[in-house]
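First chain written, first letter: the chains are A, B, C, D, E and F, and each begins at residue 1.
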Amino acid sequence: MPYVNIRITKEGEVTADQKRQLIEGATNLLHDVLGKNKKTTVVTIDEVDTDNWGIGGVPVTEIRKRQK
Amino acid sequence: MPYVNIRITKEGEVTADQKRQLIEGATNLLHDVLGKNKKTTVVTIDEVDTDNWGIGGVPVTEIRKRQK
Amino acid sequence: MPYVNIRITKEGEVTADQKRQLIEGATNLLHDVLGKNKKTTVVTIDEVDTDNWGIGGVPVTEIRKRQK
Amino acid sequence: MPYVNIRITKEGEVTADQKRQLIEGATNLLHDVLGKNKKTTVVTIDEVDTDNWGIGGVPVTEIRKRQK
Amino acid sequence: MPYVNIRITKEGEVTADQKRQLIEGATNLLHDVLGKNKKTTVVTIDEVDTDNWGIGGVPVTEIRKRQK
Amino acid sequence: MPYVNIRITKEGEVTADQKRQLIEGATNLLHDVLGKNKKTTVVTIDEVDTDNWGIGGVPVTEIRKRQK
């Protein structure tokens, strides 16, 4: 009965099908590695605005501008 | 001074009054069971899109369609 | 299928029965207020050392000393 | 490689520059106190609706009304 | 630069190699589905005591006893 | 009334005084940048085993070995 929380930046469009793949993939991973019961595995995905995510002390919004 | 995080799927309308009941109920629970100080108990509620929540490897959006 | 995370300071002994009451109480709360399915409601409890929890800028370890 | 999650109520406007200051400040804090590598420090900011945040068993929405 | 938090019950022994497989698998999943940069993907694993995890309103400790 | 969760790897000894500095520093940061009330600001620190933390698909335990 694992609980997996995936946090990603909200950039471009993440489709419902891609989210389905993340949910299925994380559930299978826990089953394959630890034999966890798929039925009670819960996965949630949080999409975080690029202003609200920073790495190296810099917001992702600024990192993306510099990368252009 | 407990911190309680309640995560639910965003389905139908959850009213401000229902959220108030969750906040009050969780705060009372910690007080009644463990004697925690209500004044410093914090409760947050996260509403997660049904595309972003999965159980059994399947997004809730799909589960709801099958249930109809 | 809610997910509830309860974080409390590790002080005194919290018994298995008290934890059971928290799990049962939080599950009932979500059922009573929002009609959520109890079977798929998950509750986790994190016990955090008093050195690792602060309020008002002060660790709980120090707050407890001052209260004596 | 610390991970810092900052949760605040969504009240007034928090500007992109203020978020930048939070990201930079939290990253510097971990570096200054523990010598953590800034490059791999991740900071995320969650803005939570005042209906969805409670303290003392009362939603922040109500607390703000009483304060007026 | 995703952040993935995997929470599992502390049951039996989860080896360092199994944890490595979870970290590698989750990192690959985000790369394969969304093209996320593996270098800045962070994965953390929380092992939670069976007294501190409940599903269906019942602690896992009790569920395991009944299953025997 | 912000809530800040700081997650770090459990390496070397993090002293109670360093934890106090993290709690005080994070509380001051939210006050200085957003004018948040220090009295109701909560900070928690999670120390995670290096086997349970990965970046770039590799556990920190292995990264540290390679760095020697």
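Definition applied: contacts are C-beta pairs under 8 Å (C-beta built on N, C-alpha and C of every residue); 3 or more make two chains touch, one makes a residue touch a chain.
Remember, it's a predicted structure, so these values are computed and weren't measured experimentally.
Contact tally for B-C versus C-F: the pair with more C-beta pairs in contact is B-C. For E-F, the equivalent interface within D-F, A-E or A-D is the one where over half of the contact pairs agree by residue number, namely A-D. One simple way to say how far apart two chains are is to compare their mean CA positions; for chain D and chain E this gives 26 Å. Chain C and chain D have Cα centroids lying 21 Å from one another. Among all residues of chain C, those that touch two or more other chains are 1, 3, 7, 40, 42, 44, 53, 55.
Residues of chain C touching chain B in their complex: 1-9, 14, 18, 21-22, 25-26, 29-30, 32-34, 36, 40, 53, 55, 60. Per the touch definition, chain C reaches chain F in the complex via residues 7, 48, 51-59, 61-62.
If you check the complex, the residues on chain A that touch chain C are 1, 3, 40, 42, 44.
Residues of chain C touching chain E in their complex: 16, 19-20, 23-24, 27-28, 38-47.
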